[in-house]
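Before we start, here is the structure in question, set down as structure tokens.
Chain nomenclature is as follows: A, B, C and D, assigned in order of appearance, with residue numbering initiated at 1 for each chain independently.
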Amino acid sequence: MVSGGQVLKEKCGIVAAWDVDEAAHLSYLGLFALQHRGQEGAGIICFDGKRMKGVRGQGLVSQVFTRDQIAELKGRAAIGHVRYSTAGGSLAKNLQPIWVEALDSEIAIAHNGNLTNAVGLRRRLEAEGSVFQTSSDTEVILHLISRAKGNFEARLQAALDEVEGAYSLSIMLREKQSLRVFVVKDPHGFRPLVVGKLGTGFFAASETCAFDLVGAEYLREVDPGEVVEFGPDGLKTWKLKKKAKTAPCVFEWIYFSRPDSLVFGESVYEVRKKLGELLAAADKKAGFKPDLVMGVPDSGIPAAIGYAQAAGVPFEMGLIRNHYIGRTFIEPHQSIRDFGVRIKQNPLKHSLQGKRVVVVDDSLVRGTTSKKINQILREAGVKEIHMRISAPPTISPCYYGIDTPKEAELIAANKNLSQIRDFVVADSLEYLTVEEIYQYVKPKTPMCDACFTKNYPVVPEVIGAE
Amino acid sequence: MVSGGQVLKEKCGIVAAWDVDEAAHLSYLGLFALQHRGQEGAGIICFDGKRMKGVRGQGLVSQVFTRDQIAELKGRAAIGHVRYSTAGGSLAKNLQPIWVEALDSEIAIAHNGNLTNAVGLRRRLEAEGSVFQTSSDTEVILHLISRAKGNFEARLQAALDEVEGAYSLSIMLREKQSLRVFVVKDPHGFRPLVVGKLGTGFFAASETCAFDLVGAEYLREVDPGEVVEFGPDGLKTWKLKKKAKTAPCVFEWIYFSRPDSLVFGESVYEVRKKLGELLAAADKKAGFKPDLVMGVPDSGIPAAIGYAQAAGVPFEMGLIRNHYIGRTFIEPHQSIRDFGVRIKQNPLKHSLQGKRVVVVDDSLVRGTTSKKINQILREAGVKEIHMRISAPPTISPCYYGIDTPKEAELIAANKNLSQIRDFVVADSLEYLTVEEIYQYVKPKTPMCDACFTKNYPVVPEVIGAE
Amino acid sequence: MVSGGQVLKEKCGIVAAWDVDEAAHLSYLGLFALQHRGQEGAGIICFDGKRMKGVRGQGLVSQVFTRDQIAELKGRAAIGHVRYSTAGGSLAKNLQPIWVEALDSEIAIAHNGNLTNAVGLRRRLEAEGSVFQTSSDTEVILHLISRAKGNFEARLQAALDEVEGAYSLSIMLREKQSLRVFVVKDPHGFRPLVVGKLGTGFFAASETCAFDLVGAEYLREVDPGEVVEFGPDGLKTWKLKKKAKTAPCVFEWIYFSRPDSLVFGESVYEVRKKLGELLAAADKKAGFKPDLVMGVPDSGIPAAIGYAQAAGVPFEMGLIRNHYIGRTFIEPHQSIRDFGVRIKQNPLKHSLQGKRVVVVDDSLVRGTTSKKINQILREAGVKEIHMRISAPPTISPCYYGIDTPKEAELIAANKNLSQIRDFVVADSLEYLTVEEIYQYVKPKTPMCDACFTKNYPVVPEVIGAE
Amino acid sequence: MVSGGQVLKEKCGIVAAWDVDEAAHLSYLGLFALQHRGQEGAGIICFDGKRMKGVRGQGLVSQVFTRDQIAELKGRAAIGHVRYSTAGGSLAKNLQPIWVEALDSEIAIAHNGNLTNAVGLRRRLEAEGSVFQTSSDTEVILHLISRAKGNFEARLQAALDEVEGAYSLSIMLREKQSLRVFVVKDPHGFRPLVVGKLGTGFFAASETCAFDLVGAEYLREVDPGEVVEFGPDGLKTWKLKKKAKTAPCVFEWIYFSRPDSLVFGESVYEVRKKLGELLAAADKKAGFKPDLVMGVPDSGIPAAIGYAQAAGVPFEMGLIRNHYIGRTFIEPHQSIRDFGVRIKQNPLKHSLQGKRVVVVDDSLVRGTTSKKINQILREAGVKEIHMRISAPPTISPCYYGIDTPKEAELIAANKNLSQIRDFVVADSLEYLTVEEIYQYVKPKTPMCDACFTKNYPVVPEVIGAE
């Protein structure tokens, strides 16, 4: 979900469709449901029975694909990708799925995650004469597959044996006239990836919200290190050789995934409500009861509802989002304070005036957006602002597929609690701890919480190099 | 606010700016805040110190105006309009503000409302040689002004003395090099219209949410039959000769206006919460307590929050809206049941399964969208659906500026309570009555509730003719 | 035809279609053929059997109309318009056909020309209460028709009895369910207008080049003061009461019309060749023979061919036009001398080097474009440039529908022959005289040559007022 | 130049800029001048002092690049490409320049021509693990460079030693912070490529018409097998190891290049005039003298002018081109005969009626367009049509960078002279022979004339394989 001022960004979302009518069209719907995982670009490659065809472009899913293009992307198999990208220039080089064609075969690949040893691998491949047309680490996987020997399964094993880090992949492979689709999750299982049944075929996606739209029936989360292969004989599953400690990303629950998704087997909405309950429990214990509780739209709302129910405090909307907001809103020359926030959200003055308010948000990264929102709330007459963050302080970057600011920009890595509170013009500020989250939410396996704890499951090159 | 399946539509919203920097740009922001009052077209006319200039076009505010156009619309006075329009063809003839130029003067006019004797007036004017270039009744006002004698005030009085029905107007008048702006409300005061202070100048708009964005300070609602004139000497106010029973539209509170607006002097959000409290009180009296309460996004949510607080029942989100939804979403050929609703909203299955749910909505017009939403909720596993409408049954069309279906399409005009309940696949269904609303909300003057009661304050031609 | 740097611009072109399949589509083709008469906007109104429908927009014909729009404009009657417009702002107010609807009737009107008493008429109409929505004098005609009494023929007579100046009109009239189309030429017959047969129906247009594309068969030029009426009984023709001295525009032959058109009964190409022959005859008489002759593309070429044939001098292309030139060509910051001309035309250096060249152009208005072209030719190595203008010096503006610069900007009104020659960096310069043109081309009636002679057939208000 | 119905298409045009202000912007102008060499796509890569940046897209040069993009492409070096492409799909995969980045270097490459052993090379490279992202043979060159050893010069030599066929290349190479640009012509010298001086730097392009627009001074044609290297020390030149018989494409003179270009050291316009002179000489010898001669616009006109001068026959325009023609012209449902030609060209009926006309065109490929044009001319009243082709009969496809139909579609490969004459509804038809062309035009080296003679300088794979 997109919050008022989104700072942390998921780098991607993926889908795959096998043996379904209008595979590209359903992939388009699936990508639309995953739009929150990447708003900068999108792409679909399908197989029309003879060859692969595709469309990739910059912008939202609804902007990238035209009716005519979708109609042209015929066939019963497809993979797709939405991406968030910092890529400069206008060549749109890094759009996915990456698609390469040999004289007798084609491979398309879509990747959600981040390889932690991509630079070293790339340096070696370049020395061996490989030509890179993108700066994406996804291309590294392709070159490794291409240089490996044996059948495709052997080459995929060999390639993934060499890469480290986070990857949930959709791969479409044509060998002469024979087609297969694979979805793969890295051995740590950092990013979510689910498979479902759709008619006689299958659908896979980063989150179950994509299933709800296309009408797929949820089967299960792909296991860490698992390859699910869709082929002429239906679904087959096998394991990567490489083993690792399971480490699904806890931040998918806290912030990134849609609340209506099942992620790592849990309802995201229910997890977030529980985080709100934890916040309420702490306040109760401390003897603090506000006049009302509100969430920062949209991502803070489930935890605010959890807080309200647990604390017996009225839940109020607090801020109204403007749903017509576009990308290119024209700001006047005269200064309108906090214009960027104000154009998106407007406080419900008459409900807030003179009140002691708990404002729940799911993270506090740089702190600048929270500060602006709180300023707007104060102007609207709020008496006291008590910020409650439904997560621990974010103190360190993610190397597994989330776009985080550098440590120097993370407010919790640089200021103490009272400094942060002052910065965001709040009267009080509280976070959760990793321990109380695990104790209350009870995940089935250990999770990756490196952004809160610096306990990185895989040491990235960039750190090793320092 | 736009509900999942908007059926009733406000026909327009208007703004006016006087003696402010970047008047057209602020009008653009004001129209953006009023976007819910009209999504089919928008226009701004400004005065650049010598002449009027303007831009009008079809689509959303963010689509109609380009950065270059806004930059070209210089000057310290402007009026603007957003419109909902069923107009066919591509001539965009009926876009507003309507702008006419005489050799020594110019008039631009923007209208929110609907004249009830426009056809008769037009027939007379045509017989007298007037040439109409639009099918809008706003043009009738212009012709009447043009044919009247005396100074502009006298001509405006004379013109408005002849028209009947609902009109909130913004008028910009240039006479030689002298400029004035007028905002006018009809004697019944059907539609909202507020004036505010902005720096040394003024800003007027259909709702206060426009003030919050441009930073204007709310002064007051324009009175029924009042003309507020902005000129070289600042604000002047005078009354129309014609008198009538005050009749502000109660549906602005219930449905149309934004919850963060003050309308007719009341906070729309607070009024809607009260309507939810009334629904809760009735259920309480009947001894009914659900497991949870949810609102149909977005317009049903404030009343659902009111219900939750009054009934002591947990408020839950129930449905997640997709914020990336565009106008031209491409539907697959294979049927996806209730696709139109499903693409916009997705139920929180795991919170709803097996629950007895109160679903609050602010109206039930044709009933078709509610039916689809309830079907989706049932598929998600809801055990019992108890629909609660925070308004009386809509039984008759509006002739004062709301686009309503014909009586034959209004479900409450054609089915009884249990038939409606069955149609929308609910387990129970309750409405409010006009009387309990007035008793609890306590409006300062009588209101127009003709769509619930058929008590029309002005008999429209169309009925008179039947 | 558009020359390298078009200065004089035809204000409009019109078409009308009666009783033909796809009337709007054929009108679109006709307007496309008339694109040289107006590149700023276009519009078509058709009658679908019940009502009028239309599309108007800014830009070229190929930009204004989409495939879907053309497909929607069904019916067997239509009128259309292309316009050149200096109108500021983006309201596109002055696009034509103007289309007004009364409760029982509709009129659409398209106008090529310029009324010389429009301001006075408009002042009177405004005083009587008429409301003007455009600044075009076409609207004056509509108001006069609307205020007149009697049937439509009487009202049209009455209206046109009052207006003075140049008008070739297409009018579409719906009265209840009955439709007629009229094409009308003013009593002087300033602007061209032709009627043709198309299947069982008719087609009318400003020039015959429109007939060639739609496959219409040329019948004849409309007479000055004639009304051609297309109705249920086919073609009817009657005369306006007002009489005047016939005065077709000689500049249509010299410059504006397409060379492949018949205008005022003559082949434009053949007339232009004759003008070149006259230029050659003068040079022959003076004992001057160049190495080669070229025309300034495209409009100077037919006269250059005539010169070549008469003088026995080789015709060469001289300049190559770039056909890919678009409207929004991006100029570099570093100065490229004469960039605007250079991007459109490139000299054939190797054919021009060291040669004594006659450069034929059809007019020399401000002289700035000719200067740039001659500079480019000199840089390409031309030894001597002998400019020959296939017209007399332009010394006075047109008030009958051509957009001409003010007298202060007309080079021939402000400099003598040798000064002009020096300004355009030519070695010699010659014009034709009105007398020799008439003697050689032998027009059937006297023509309007006011831009060369100041003999204005109708005194315009603007002059009368001075 | 684009003829009425272009059948043969140049596959590409290239530019390179070194050490000039606004290198990308000048490349854009250069590509604009080369637009006739490729209208399907365009791209520019520049070096901003640190890294390469670029824009590529589908469509005309004026459509692909926006003002903002050009402004962002800063720096003093750039290469560019226009392409004609039959590529299906919308991935625009085959747009050039191809741009690859290694961790320490970047290479961009633009190619005009066609490799005749690309498939075999690609098969080998793929077997060795190379990953191809396009289907273009340009990528083969990149992989060969990448896999070769030594410094860049050695690797370029090694790579080009392996490829066969036609290539004129622009290459931009960044190694760490050091930049060089290379332009290269294959040992046969099939396609044109010229270098010029521009201020303190250099500009290279497929044809000199690009120089005229950017203001570069022509230095010379690049030699067959020559590498011109632009680096910190200015221009350096060296030779490829591979030697071959010189074989510049004679069709560049006859048809493809712009008449205002110098190609292979000759003025294209003058060569074409000479071809017309040859046609006239043959007719003279045969005792045939027509009433007039015309060229099929635009490419047939120079030869028609040559014919006219040599034969002493009047040159006439014959057909008028519509300059407003766009790509998406909407055809009516009712059939308009020869609509595609008619929308572009209109005959000058009054000059052609009853005349015996020589119609000069530069080629006759399938014959279908000529047939349509001749039909239109006959309808216009031409008495006799004598087609004269300023080239020999096209009997075999090109494998060196021209898009030609298959032999089965080449009319001259399948019909004899009188059959062709009948097909194109001409009264007589004459071609030139290769021998008389060479004798009269006197090229400095042997040329490639395989499309007329089947004497292929390099045997292409596709033929070898048959």
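One rule holds for everything that comes next: a residue touches a chain if its C-beta (ideal position, glycine included) is under 8 Å from a C-beta of that chain, and two chains touch if they have at least 3 such contacts.
The shown structure was predicted, so the numbers you read here are calculated from the model rather than taken from an experiment.
In terms of the distance between Cα centroids, chain D is separated most widely from B. Put simply, the C-alpha centre of chain B and that of chain D have 61 angstrom between them. Averaging C-alpha coordinates per chain places the centre of chain A 48 Å away from that of chain D. Annotation: 37 Å between the Cα-based centres of chain A and chain B. Contacts with at least two other chains are made by no residue of chain B. Looking at which chains touch one another, you get A-B, A-D, B-C, C-D.
Looking at the complex, you find that chain D touches chain C at residues 1-2, 21-22, 25-26, 28-29, 32-33, 35-36, 39, 60-63, 65, 67, 70, 209, 212-215, 258-260, 262, 267, 269-270, 273, 298, 301-302, 305, 308-309, 314-317, 320, 322-326, 328-330, 332-334, 336-337, 342-343, 346-351.
Those residues of chain D whose C-beta lies close enough to touch chain A in the complex are 53-56, 69, 72, 88-91, 93, 98-103, 119, 122-123, 126, 128-133, 135, 139, 142-143, 146-148.
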